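Below, subunit A partners subunit B and then partners subunit C, in two separate complexes.
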Partner chain A sequence: MISQYIVNGLLTGGLYACLAVGFSLVWGVLNVVNMLHGSMVVLGAYFCLYGVQQLGLPLYAVAPVACVILFVFGYAIQRGLLNRVITQPILITLTLTFGLDLIVNNLIIHVFSATPQSLVTNFGTIEFAGVRVPVVRVGGMLVAVVLTLVLYWLLRHSKIGRAIIAVRMDRHAAALMGIRIPHIYALTFGIGAFMAGAAGCAMALIYPVTPMMSGVFLGKAFVICVLGGLGSVPGAIIGGLVLGVVEGLGTLTLGQQWATSVGFIMMMAVIVLFPTGIMGKKGYE
Partner chain B sequence: MIIDRAFALKIAFGVLLFACGAGLSAVLDNYYLQVGTTLAMLCALCWAWNIVGGYMGYPALCMISFFGIGAYAGGIAQAAGVSESLAWLIAAGVGALFALLLGVPLLRLKGHYFAVGTIASVEVLREVANNWEQLTGGAVGLNLPIHAGSPDEVGRFFYLAMLGLAFLAFLITALVDRTKFGFGLRCIRQNEQAASMVGIDVFKYKVGAFVLTGVLGAATGAIYASMVAFLEPKDAFNLIMTIEIPVMVMLGGMGTIFGPLIGGVSYVILKEFVWAYFINWHSGILGLIVVTVIYFLPVGVLGLTWRDIFKKLGASKSTRPATSDIARSTS
Partner chain C sequence: MKTTTSIIAALSFAALSAAPVLAQETIKLGAPLALTGPLADAGAKSKQGYDICVSAVNDKGGVDVGGKKMKLELVEYDYQSETNRAVQIVQRLINVDKVPFLLSPYGSGDTKATAVVAERYGVPMVAAAAATKSVFDQKFQNLFGVLFPNDMITEAEVAYYKKHVPSVKRVAVLALNSLFPKAIAGEMVKSATGAGLDVVFNTTYSPDTSDFSNVLTQIKGLNPDWIYATGYTQDLILIRRQMADLGLEVKVLTMTAGPSYPEFKENVKSLAENVTTNSWWHQNANYSDNYLFGSSLKYNEAFNAKFKRDATYLEAAATAACQTLAMAIEEAKSTSADAVRKVLHEKTFNTFYGPIHYGQLGQNEVNAALVMQIQNDKLLVLAPENLKQGELQIGVPKK
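Now for the complex of A and B:
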């Protein structure tokens, strides 16, 4: 029984990691709390649903396109709007992204309607040592984790990744080294949106999605980001897995309705006790 | 306390406005009383938030935590048979205690962590209100005894009660504006380390401001609870409202005496208009309003040529640091 809950928690946790890593990167590098993140996840899910259900395209073709559209969307938002207020106090950037979130969410409701939708998929279940898991959840989780690891690798080894890290460490010095700060900011936000889109596609496979869920996704991203430490990719993975398992165990011991509260209370505790997150210090990839 | 002529005039103007508001209650019909009550409620919340958010410059997004705590404290007390006015006082006390408990850990944090901690408090409280069914009635809601009297009398009573509370919040703001306490808060906003160097007990000041905000927010919540006579977690802890309040104050001018009033009134008028004509698009249009306020009202964000017009409206120059050169080089 407990092992079933833990496995479920780990599977959900993999998705959570993908959900939070973009949010965490944006927060860490841009110093912006992106309230738009939840809506971007929902947007990714709806693009995926639209492509598969309305256009009849195969899933493996639709999902990358949805992610790329979100990347462009994120790049444009950052380049056009957020870059202009990026040095303002946090209240300004936070309320700005909140306002954008209201607009985007309203648009989603209008275009795709507010009824819950999900992709009906049946790939069977795997049974292993008394634990049953649907294949689709394993697949979604694997894709999410692989993408997160690819992002980690890119940040460590690609030229753009190093530039992003450099900007996070010291914006002024990075500018002196010839890094185009506005471009890097926009790129970072775009990557955040890309990961949100990927998480959205994976979510659409597993849960029914409605536009109202953006707040839930955003809440998860908050908790994971604080647990794992800002802007840290390994932190997001560990934070996601921890949250998944803790929620699973919370459901088991306290009941379903307390699962979300357990996450938030854990986050409040971490925020007060270790403001740098479980993954500690700087965590520069 | 420093009283000069301009300040005395401001106070006199405020008192006159509130006197007019109270006088109007005799002639207004029920719909306008309702709008007036909402207006007074939001202005009271704006004034309360302005102490922490405007004068002290901390991005506190927990206004609705205080409001909801007050609403539930007052509601539970009233449902248990306590009289209305006593329930309001109890709620204010609970608000103070809650603000103290929340403020002592959270006020040690800076910037984003503080903002996120305060937002999280709204989420946690809503979940608790949802799940602690014995105390709060859970998602089903909590029924309060309904205020006795004809609809007109009840409407007038709550209008005057809210107006009185808003007046109290106004007076407290005026006091904060002119005393050593408010001066200390402004120092903290500009540079916390420097403030502590010149002998301000920074932490005590911060907690004091937080508690003041908490008391006012909770009292507003308690009056609201008695007015609607029914409480639900998602109404009492509304995440949108917790961000709307700062936007209203920003619209009017942070860290000023009249900013919350101007912001609250113009926001409510805008919102009523949007609700009346664009019901399907209201959240999108509210988002547009928020975005517009941020781009066109903070001084110097875009170096707008007609920003002087706005400056007169908001008188917000003093609260915002000028955008540094980096902003220009990054945009």
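Now for the complex of A and C:
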């Protein structure tokens, strides 16, 4: 039975990782606690739902479009609004994204309604040694992890990725090297939004989507970000998996009502004992 | 230019002079609504229920107050699903908007919090979505609830399944940690234990739970015959899906109150089959209503024409809350709170929702609990016998 709990935790953790990676990147690079992130995940989910259910398109065609729309949205938000206050104390950008979150979330309610909606699929389950693994969850987790790894590779090996890391390390030095800081900021926020869109599409396969999920998603992203280390892409994967498994074991030992609290207690312990998080020590890539 | 200014001035004067007259012609009903936030879906349904009542009353000329026809006016604010905001809004409705009557916010918790304000100011408040006894046992004189108490529902369910599935012995209860789900789960445990069933699992989950696979793995290990889950519809959808993922099979699966809403079926498709639920109302009960809609079925027809879907107990209860207020005002022949409150306590209102008698405690005392099940994509009434539309199907599909 314990193996079932661990598998449950890993499957959930994989989704958590995808959820958190964009949030972590934006916080790590821009020093912006993006309160809008949860609503962007929900927006991505609704775009996928709309494309599949209303337009009759296959998910593999809709998901990339949803991600690109989110990227453009994120880029515009950063370029048009956040860049204007980016040098202000973190509370200013936090408040601004909080306000944007309220607006976007209410718009989602008005456009898509608050009634739960989901992509109903039936890919079956795999059973191995008494452990049941739903295929859709494995698929969702794999897509999430692969995308996260691709992002990690791009940050380390592409020109833009190196520029993002350079800006995070020393904004002024990067500017002197000819890097266009406002563009890199907007690009980073756009990538964060792109990843939120991808997470949203994966969530639409698994969860009944409602606009109110944004708060839950944001809370999870926050915990994972602190666990894994700010701005660390592999940290988001590790943090997500750890949170998923710890919540599972928390249910087993303390009961379902304490499962979420266990994650937050762990976050507080990490802040006190390892302020850089599990993977946050080496850098911001 | 001078002429235009004169016309504008004259029109403004006319409008200003007319305003008090118009205000006297309407009866304001204050409605704090959860239009955004976690309860937005339920809030929107409540609003539909209120809207259809107000338009139906006004279409027939309004409320007859001692021979004078007065139209209803809904004064609504979004309390964003936040209890504190609901309390502030009720204060505003009473002190600024001067509403003489209130409709409560959604759910037992928010109703209980706002009822304190209504009681302090002596403004009658009718609750459409609060069934928990602890909301009504405070001996408030101004709080009235359309939904009869939770235990009437759980007693009816336990009696029905004990009779029709005698092999059901072991029950697992899972509830959202919120006032109503916890209360009905508590009543379920009491009813089941009282009937000699073994409650093998009883726990709550927090409102920000995003995964039920672990708790369902725990339940699976206990091999229950009957799972009773209660919470938000989106939670119940996820629970049903994850039950299938984990191969968790039971003889009876009861969910409160998600399966009453069409979105439950839409989100789980074939997994909705044989899921049982309960309800305070269904159009097939077909109660007659001489005041407004004619009957339950006619109410549903009117609702369907306006909103393009069937009404659930939630919208119907909202309409009934508004309707009983209108009926009480007519009976009292006055809009005075004292006169209307007296009628609300004493009269039995025969509505499309069924007979409603608020009594001295304020909560509807007329038990009309329905046991229901989804069969072939339709929500059928299993009990009571006189409304029965089908026989219980035992077991739920694996996938």
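As a convention for this text, the second predicted complex is superposed on the first by the 282 of 285 C-alpha atoms of A that agree within 3 Å, B and C clash if a C-alpha of one lies under 4 Å from a C-alpha of the other, contacts with A are read in each partner's own complex, and residues count from 1 in each chain.
Criterion: contacts are C-beta pairs under 8 Å (C-beta built on N, C-alpha and C of every residue); 3 or more make two chains touch, one makes a residue touch a chain.
Because the structure is a prediction, the values reported are computed rather than measured.
A.B. asks: After superposition on the shared chain, which partner residues are touched by A:Tyr207: those of subunit B (first), subunit C (second), both, or neither?
C.D. replies: Only subunit C is touched by A:Tyr207; subunit B is not.
A.B. asks: Examine A:Thr260 and indicate which partner it touches, taking first as subunit B and second as subunit C; both and neither are also allowed.
C.D. replies: In the superposition, A:Thr260 touches subunit B and subunit C alike.
A.B. asks: Have a look at where A:Asn106 lands relative to subunit B and subunit C in the superposition and call it first, second, both or neither.
C.D. replies: Both partners.
A.B. asks: Mind working out whether A:Ser3 is in touch with subunit B, subunit C, both or neither, as first, second, both or neither?
C.D. replies: So A:Ser3 meets neither subunit B nor subunit C here.
A.B. asks: Output check: A:Gly219 vs subunit B and subunit C. Expected answer is one of first, second, both, neither. What do you get?
C.D. replies: So A:Gly219 meets both subunit B and subunit C here.
A.B. asks: For subunit A, which residues lie in the overlap of the subunit B contacts and the subunit C contacts?
C.D. replies: On subunit A, the overlap between the subunit B and subunit C contacts is residues 105-106, 215, 219, 257, 260-261.
A.B. asks: Under the stated contact criterion, what part of subunit A meets subunit C in this complex?
C.D. replies: Touch list, subunit A to subunit C: 1, 4-5, 8-9, 11-12, 105-106, 109, 113-118, 120, 122, 124-125, 127, 132, 134, 137, 207-208, 210-213, 215-217, 219-220, 244, 247-248, 251-252, 255-257, 259-261.
A.B. asks: Under the definition above, what is the set of subunit A residues touching subunit B in their complex?
C.D. replies: The contact residues of subunit A facing subunit B are 27, 31, 33, 81, 83-92, 94-96, 98-107, 110, 171-172, 175, 181-182, 185, 215, 219, 222, 226, 257-258, 260-261, 264-265, 267-268, 271-272, 275.
A.B. asks: Over in the complex, which subunit C residues touch subunit A? Could you list them?
C.D. replies: 35-38, 40-41, 43-44, 174, 177, 203-206, 208-215, 217-218, 221, 233-234, 237-238, 245-247, 263, 266-269, 399
A.B. asks: What does subunit B use to touch subunit A in their complex?
C.D. replies: Touching subunit A: residues 53, 57, 59, 61, 105-106, 108-109, 111-113, 115-117, 119-121, 123-124, 127-128, 130-131, 239-240, 243, 246-247, 250, 280-284, 286-291, 294-295, 298, 301-302, 320-321, 323-324, 326-327, 329-331 of subunit B.
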